[in-house]
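Quick one: the structure is below, questions incoming.
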Amino acid sequence: MNGHSELRERVLEANLEIVRAGLVILTFGNASAVDRDAGVMAIKPSGVPYDRLTANEIVLVDVQSGAVVDGANRPSSDTPTHLVLYRAFAGVGGIVHTHSPFATAWAQSHRELPCLGTTHADHFDGAVPVTRPLSREAIEGDYERLTGEAIVEEFERLELDPLACPAVLVASHGPFVWGAGVAEAVENAVALEAVAASALRTELLRPGTEPIDDALRLRHFRRKHGPAAYYGQVT
Amino acid sequence: MNGHSELRERVLEANLEIVRAGLVILTFGNASAVDRDAGVMAIKPSGVPYDRLTANEIVLVDVQSGAVVDGANRPSSDTPTHLVLYRAFAGVGGIVHTHSPFATAWAQSHRELPCLGTTHADHFDGAVPVTRPLSREAIEGDYERLTGEAIVEEFERLELDPLACPAVLVASHGPFVWGAGVAEAVENAVALEAVAASALRTELLRPGTEPIDDALRLRHFRRKHGPAAYYGQVT
Amino acid sequence: MNGHSELRERVLEANLEIVRAGLVILTFGNASAVDRDAGVMAIKPSGVPYDRLTANEIVLVDVQSGAVVDGANRPSSDTPTHLVLYRAFAGVGGIVHTHSPFATAWAQSHRELPCLGTTHADHFDGAVPVTRPLSREAIEGDYERLTGEAIVEEFERLELDPLACPAVLVASHGPFVWGAGVAEAVENAVALEAVAASALRTELLRPGTEPIDDALRLRHFRRKHGPAAYYGQVT
Amino acid sequence: MNGHSELRERVLEANLEIVRAGLVILTFGNASAVDRDAGVMAIKPSGVPYDRLTANEIVLVDVQSGAVVDGANRPSSDTPTHLVLYRAFAGVGGIVHTHSPFATAWAQSHRELPCLGTTHADHFDGAVPVTRPLSREAIEGDYERLTGEAIVEEFERLELDPLACPAVLVASHGPFVWGAGVAEAVENAVALEAVAASALRTELLRPGTEPIDDALRLRHFRRKHGPAAYYGQVT
């Protein structure tokens, strides 16, 4: 073991928390965190049941090369997707991937998740986008890496700031969610599932509900984010 | 600490109970109670996680001035909304704000919650109203206070007794719920979420279901409230 | 205390079980059992929170007169409904009333719960009926007794055997469920909620799904009930 | 007791796990496993509550004759269905039958469960089929055995590999799910319920959503199954 024990512990805790929060069953998900100075990502090993997972089994991967730096286990099969996101999104410190039930339903319907209320605006500055489907060539090729590229491409196309909208719905698949650290990524994944559920029920009560207007969205997002934030405690 | 320890304890307990009841995740909610004689409101501090919350951290605020009377923490960012309600609704002793999943879906659809059955009538004497959207000026101005004013205005417009209909849906946001004390406010918040869920499912089974007729609604409301109540024990 | 301690214990346990099973929140429900030989019904006291309920507080009521035989508490406000059912349905030994979420949605939509699958047929021999709305006079009069009469009238009109279809949906209200004993009534209330949920979802997937045909319904009902039953152990 | 204690323990654990996973309430389900060398199946006894079930009560049945080999209890009433599946599907080592809420809704609507996303494709290589309704003669005859025959017939008609699509929806009834062992069968039953829920919600968000294309389906299925699998650890 070449260190990074605090990083491993944080990643272990995040992987356990997404199970406790009801976002993940079986082995449907993974969480990672990055140490930018060391150029190392820590991530869940592939297919290991959560109830037996230990910090020692968390796999360390080099962010640039993708090589396993330490660990006897294979990293999550979604590792190449995480790596692309860390490389492209500078401020991101942690990433969570789940198949949480309601967010997955939006991803499967290829619909972006519209901002229908202040719960959404407290966490995501606008609609959570859905990626465009991958080509057959991409699916049969370097699939996980190209999934990451499709996310980055969508954020570039929409000119989105990844920390203002810290989530995406991968079409026909499910959500990837991130944050300044992995604890924030977990929190955003919890929030995403809650707003995905409320948005579906809003659709049932009033099909085609319009997104909230910009003033309300910005008011709520800026209560919690940026220089004028007044939510929470002064730290 | 300048006292009010019983008030703080009650507010702490209410904040923990809305989490245990499944109405609140992350920091999506807050509960307060008022001491009318002292002119003091006790409320959750802003953004503090529920699992670490202690009675000492509950913040005391002057009901008239809004100034923090005691406590090292910032009060909930929704404090001005609570204060407006305590000033306008004389009999209210406690207030709960949540983003509970089904009540929020009704709020996001800008639909009042109709009284479709006796579970609703046991707690709310008629439809639970939804506020009208705030203007851009209000949103960009003294937003939380004006949210409270919009609630009061709606109750005046509809000539509703706040203790007969102890809840409102703030459009595009979520429910505020109250009661004679904060324990009753929590109970009403639990009931609101249950009837919001049943009402959505009733809508799915029979779109456009009419509210129950006045006789049945009044029978149930008066079983539990007012001089002719015969539900519960003689105390 | 004039005895019936075993009856009280069974009723206490049933009242606690409907809470544990998720059918009841707050004080939205009650369970009773009858001792036919003694002519006595034991029932939950009105409005007493479940977490403090003790066997001593269970109220004993004379089945014919409705008078409280023993107990310092008022019986459930639904007591007259229970009494009518015990008088009319000879084989019934226990009754459960809940506002369980999905069964209540069907009751609020004034739709009978159709038999859409074998889970339903394992417990209820055909559609679970919904009562006709009470008249204004009935609602303003002896409401709880007349609710019971409306149930009995519906079973007579449809020529239903109360033990073959041990549940009803009271329109705009919620389910009453019964059985040979109160433990069976609880089990039937759990089954009713499960089939109410599956039936709503079946309606969403295929609006207007037809009930299963008579052969399949009878096959399943008779696997578990009557002389040819072959489900369970020989006792 | 004539041995097979490890087999019984595994079957006990599977029966308890389907309850813990929320797939089974009351006695709505059963799990079995087979010892191919001994020609013996171990299965839950009929109608015994899960909270009192012990390994000794698990019933051993001869796979070919259906005779009880050991055990004082009657085997599950669904035993003949299990036996038909073990005889027809060579690689199957364990079977789980539940009435899990969302899978049952699809079964009751007589709709196959389409593959709408990668969560589905990770476990089931294509749509999970629904059986054709049994004839009246079959229902009134050797019903449970003929239910098994209807499953096998459907897999033959569709030319499906039972281990590539380890589940079926029995029309108007509910799911049967299997795997190489009974632990895998439980896992597949959990996955089936999750994808049934997401698929229903996808239908609500976009009625008539098309199945994912073949390339994406095969990519995900083959990540986890077959010679090119790269999910999980090398063992």
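Per-chain residue numbering starts at 1, and chain names A, B, C and D are given in the order in which the chains are listed.
We adopt the following convention: contacts are C-beta pairs under 8 Å (C-beta built on N, C-alpha and C of every residue); 3 or more make two chains touch, one makes a residue touch a chain.
Remember, it's a predicted structure, so these values are computed and weren't measured experimentally.
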**OP:** Using the touch definition from the top, list the chains contacting both chain B and chain C.
**Re:** none
Subject >> Path length in the contact graph (chain B to chain D, fewest steps) >> reply: 2
**OP:** Same or different, please, for the chain C to chain D contact, judged on whether over half of the interface numbers appear on both copies.
**Re:** different
**OP:** Go ahead and note the Å separation of the Cα centroids belonging to chain A and chain C.
**Re:** 46
Original post:
Just curious, how far off is chain B from chain A if you go by their C-alpha centres, in Å?
Top reply: 33
**OP:** Note the residues in chain D that touch 2 or more other chains, in rising order.
**Re:** 204
Original post:
What chain pairs are in touch here?
Top reply: A-B, A-D, B-C, C-D
Subject >> chain C - residues contacting chain D, complex >> reply: 21, 116-119, 122, 187, 190-191, 194, 197-199, 201-202, 204-206, 209, 212-213, 215-216, 219, 223, 230-234
Subject >> Of chain C, residues touching chain B in the complex >> reply: 25-26, 28, 45-48, 73-74, 77, 99, 101-102, 104-111, 134, 136, 139-140, 143, 172-174, 200, 203-204
